[in-house]
Amino acid sequence: MRLRPISHSDIDELQALAQETGVGFTSLPDSREFLVAKIDKAVAAFEGRVPAEERLYFFVLEDEESGELAGCCAIEAEVGRETPFYHYRVGKLAHSSVQLDLHRTIDTLFLSSDHTGDAEVASLFLRPAYRRDRNGTLLSKARWLFMAEFRDCFPAKVLAEMRGSFTPEGVSPFWECLGSHFFPMEFKQADQLTGLGQKSFIGELMPKYPIYTPFLPQAARECIGQVHEHTRPALEMLKKEGLRWEGYIDIFDGGPTVEAYIDDVRAIRHSQSAKVEVGDTHLPHAERHGWLAATTGMADFRCSWIGRGPDAEGVITLTPTEAERLSVSSGDTLRLLET
Amino acid sequence: MRLRPISHSDIDELQALAQETGVGFTSLPDSREFLVAKIDKAVAAFEGRVPAEERLYFFVLEDEESGELAGCCAIEAEVGRETPFYHYRVGKLAHSSVQLDLHRTIDTLFLSSDHTGDAEVASLFLRPAYRRDRNGTLLSKARWLFMAEFRDCFPAKVLAEMRGSFTPEGVSPFWECLGSHFFPMEFKQADQLTGLGQKSFIGELMPKYPIYTPFLPQAARECIGQVHEHTRPALEMLKKEGLRWEGYIDIFDGGPTVEAYIDDVRAIRHSQSAKVEVGDTHLPHAERHGWLAATTGMADFRCSWIGRGPDAEGVITLTPTEAERLSVSSGDTLRLLET
Amino acid sequence: MTEQSMSAIPGRQSAGADVRGGGNLLVRPAQSADLAALERLAGNATPKLTNLPAHRDRLEERIARSARAMERNVDFPGDETYTFVLEDLDRGEIVGTASIRAQAGAQDVYYTYRQETLIHASQQLNLRHEVQTLSLSHEMSEVSLLCALSLDSRYRGTSAATLLRRARLMFIAQYPERFADTLGVAFPGYLDDAGESPFWASVGRHFFKQSYHEINLMAGVRSKSFIAEVMPQFPLYLPLLTPQARAAIGREHVAHEQALGEMLGEGFVRSRHVDIFDAGPVLRAERARLRTLSHCGWHPVRIRPEDSLPDAEPAMVANQQLGGFRCTVARYALTPTGQLMLSPMQADLLGVEEGRAVLVAPLALPEVEDALDEGEL
Amino acid sequence: MTEQSMSAIPGRQSAGADVRGGGNLLVRPAQSADLAALERLAGNATPKLTNLPAHRDRLEERIARSARAMERNVDFPGDETYTFVLEDLDRGEIVGTASIRAQAGAQDVYYTYRQETLIHASQQLNLRHEVQTLSLSHEMSEVSLLCALSLDSRYRGTSAATLLRRARLMFIAQYPERFADTLGVAFPGYLDDAGESPFWASVGRHFFKQSYHEINLMAGVRSKSFIAEVMPQFPLYLPLLTPQARAAIGREHVAHEQALGEMLGEGFVRSRHVDIFDAGPVLRAERARLRTLSHCGWHPVRIRPEDSLPDAEPAMVANQQLGGFRCTVARYALTPTGQLMLSPMQADLLGVEEGRAVLVAPLALPEVEDALDEGEL
């Protein structure tokens, strides 16, 4: 399994993937036209043909034996540059009176576009059949290695939007109590339009004044900053990297946006460079994947698990298969992360 | 020189200090009554007689030979618990229109009390005669050692408010362009009232709607997040500890508030415990202070420079003078920080 | 002049069987001696009134304040409050009180919630969506406010209630320079069966630690600056309030339904404004549009024996004295030359002698032509 | 009936020497054939008008839209726009145009800035501080808007200007169901010597990449939904605007000073609202309070030879036809029994025969009693 930039020839496989993602994964609709445009955009990004701040890096996880795509993930270099990027920010307003001997702060939701210009990790999907062998970790963490390698192409901060809390019936209490009053449509429709980048309706219909959270019913308040139960493992993984919830939530479902300074992300801080030496086919190989390796080119970026770490001199010995998987040979440099 | 909790007997010296601080140091007015109350409050805090969230830890730097006070500093355990704590937060609002092919974000100042409940390091003052021998660093960093030692008594975040930018004539362009329109008084008066904790006028007079920064004259916009030139070294010191400007500014002068998660502060992360062994009077002694040592009791907290670091076994050997200065003896524990 | 030549103003309807001669009811400025009665009336008000706290010191101050206002030369409305009492002379009892605040927000700001409709339109989706909000407003601060009315319950629905309520307009008619061009009346808001305000339960409760009744009391006896400090500064979106709270907006307390109807009949209209605590309605009107003010007129007094007064429609009659203001109910019995006939007792009550002019307005309001809301709501 | 028996309405003042008989000027609905003239008028408007873009397709659409509105049965104001032209029959030229939008915000929201005063009071410091703001508002969306007036500059200040401006009120008087109870007029705002808007320079400029003139043009030809998306949503604090911008608030373009004065004379008052781009004043009035509407009346037509018409005060005369609406200036010469005397040419112009009723209003406005601002500002 290896992660690499998407290419034009992936279109059929990508569409198959899109059909599998289903509801709630709005950034990958089952529309060939949309997907072709998405690939074009990604290819141009990896080839450096668009300015760094406009790039959408879209990766696929490839089963290099079957040629099948196992999953995908993406990094948007700077969100909010082409379409507005909205959040609610949970802020505190002081309400106090000496006269009444009263002092409290009221939580308030402010519409904000504070994250404009930050990087975003997004669109991670792994086919159910491949949910094994730490493939999910590879998909998720390869992005940190990419960002570490091309640090100059990214801004100071990175964020990830987490799916919010829903009832077992698929209803978002946050939407029902708040968004539904302002958007005369179903949650799904609002979510889809947003996924497709058609967000001008948000600015048009969104309440412009802050929302005092005490006015929201408890069910809605409880959604603020809470994730969907299926999203909890992904959130945990991001938290381990140092991403934190700083009070920004999705305007529709109330799910948290976690964020970090890119330089503080553990995987980025702890990744290291090593020289490649292609060695014996029978090198020791850890039973459980523990080391990630990524190449140093952008257009031909590769990332995969390898069987061992570097030696004390900073040399990483690869099996021929591993070297082939990463398209590297002796003398090349790899960025490694123990994880 | 050693740092210790203030005590009732310091009142005369404290008042001498207060007279020296002068304009702009509003938390230490030359008022005996106020200072007595301040000492009472601090003593109660160090003795654990008030709940952790209400404590104001006020330290003095003592010349243990002359008995003179060289300076002071403080930690407020949780700001905004007794009087409202206000900031402007620089936020972004998206203003975009598909129709006009227009998309921009406008910087906006939101009145906020988001920092309610965070810890604050404040009130640092060092007498000019003592501005040598890294005494300033001792005053500033001793607080991190205190917080590391009593981590449970503090919340997740810590902040420091930095004095804003002023003209050589002592005028704050930010105040002139913004605050003066809403507060019919001089900057100095507003600043003093705030320093004394009499802040209800802020909530009463402050503009309640956000301020669009493009409406501010350039001179005022340039003050946003900028520090007074005298404050720059202090800001640099805090930045090295990992405190960052996250967009909060003082509502009067526009100066930045820097902040960090306490667990991320470098001095707190990197401090270590060591066992004390009192040794020879003639121990090697670094020419430049490089190691800070702090004791582990709250009411009898002491912090000072020592001449060397611990050995490989985590034992710190002190000269009798150093041990006496810190009031420790062999077998005691110290928290050390190389800096 | 024979009795036959005396004529009543024609075409006015009777104001109810309880008015007999009318000489038994008198509205006049409150005096120190009325303190105990005021305290009783404040305590018995249903519901309790923010602006009439049953608080002896405050009431004493209120009376003194009113007396000072009556003594002073006033050229434009300021922080005066005029407090009146209704005296039943037959019983020798004070049975009601009512006030006028010359400027609703003179000392403090007078905050109300203003109902507004925001239009959210989306070109992308080709739709238009209206959202209602309540915005904290001080627009009503400049109006003169009729307020603090409390009436002994035995008199409710009688002409005594009408006299007490509208005598203030007779006062305003005579001293226009002391009052704003726009008058307002705030009515207590709807309370549920448990005596709680559903609006407060959905809104104010979140911002105060005190209860609705405590806050109402504080708003009465203390400065109201806390409102600006504590109440939400940004508009409230109505869809986020509870259905019970939404239903209470602009709805009056049941005990005040009839009074509100009478004020609408007088020419007041419902404004966009409601009380910030209980969402009770605030009525307002240009002074010139009120029936009492447009239908009142000056008439010289002619004193006639009680038993020779013709049985005309009842009217409010007020003298011309500021501090000695008196307003009572008499018959609208005019001589052919336009003098108002009063009994010696009535003249005495009003402190007028023959030839002095009194201000007279019919007690029954003329038919309302346009009690609509002026497009305000 | 002799000439002596004919009488003009007395007590009206002369409307200026330029009115001779008045049969040379006619206001009527715009027709397709007027397109070129409209384009010229739109191009010559000073300053350029948002709601009259010199854009051929838009103007063509405008004429068609007006024609459709005239043909339709309309029971209440909707998205109709009525466009009229002023024809100088002597010259055989279209020399002016003016419109009525039945509902200012029917298709889009009609946004204005509403001037408000916030009171910030501090109990701690015992002071009270007023701060003025401008809030984005759509309250004017419901009014009927008199707009898009452009007049050949040779006619400025003549009765032609008056006719063009007020003929719309003669139309509204006849079809009240088609218009709102409140009418508004928005005047172009103040521009400096360089032709730039100081208000725009201080406000709008920060939010748009286009210039004031480009945005004004776009607001004319396209949907205005961009305003809600791009303009600041929160109120603007006036003290933060430049002095030049503050001075421009509610100030009209110099070329429209006289027109504004005439509209104030008509009974309009300055509202709290100003244009969002250039802060030009928006006047408004209850329809019933306008002089033209309260002083107009129906009179049967009596056709008399031109040379036998008495020299009475000039008046606007309009026929009763919706799509065939005609309004001209004639003499307010009434027979003793109240018929209006018209020359055969005038009657022909209006399309009326003897005995048909026409609506007549004096061209000169009666003295204004209360052109104050109704406490709105």
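Observations, loosely collected:
Order as written gives the chain letters A, B, C and D; numbering starts at 1 within each chain.
Just so it is clear, a contact is a pair of C-beta atoms (placed from the backbone, for glycine too) under 8 Å apart; a residue touches a chain by one contact, two chains touch by 3 or more.
Small disclaimer: the values here were computed from a predicted structure and weren't measured.
Of all chains, the one whose mean C-alpha position sits at the greatest distance from that of subunit D is B.
The chain pair A-D and the chain pair A-C differ in C-beta contact count, and the higher one is A-C.
Note: centroid distance subunit B to subunit C, computed from Cα atoms, is 57 Å. Chain centres here are Cα means. That of subunit B falls 64 Å from that of subunit D. In subunit A, 93, 96-99, 200, 203-204, 208-209 are the positions where the chain touches two or more neighbouring chains simultaneously.
Those residues of subunit C in touch with two or more other chains are numbered 118, 120-124, 223, 225, 228-229, 233-234.
Contact residues on subunit A toward subunit D in their complex (touch as defined above): 98-99, 200, 203-204, 208-209. In the complex of the two chains, the subunit B residues touching subunit A come out as 80-86, 89, 91-98, 103, 105, 110-114, 116, 200, 203, 244, 247, 261, 264. Those residues of subunit C that touch subunit D in the complex are listed here as 105, 108-109, 118-123, 128, 138, 141-142, 181-182, 223, 225, 228, 375. Subunit B contributes residues 93, 95-97, 99-100, 102, 104, 106, 108, 177-178, 181-182, 184-185, 198, 200-201, 204-212, 214-216 to its touches with subunit D in the complex. Residue ranges on subunit D touching subunit A, taken from their complex, read 123-124, 225, 228-229, 233-234.
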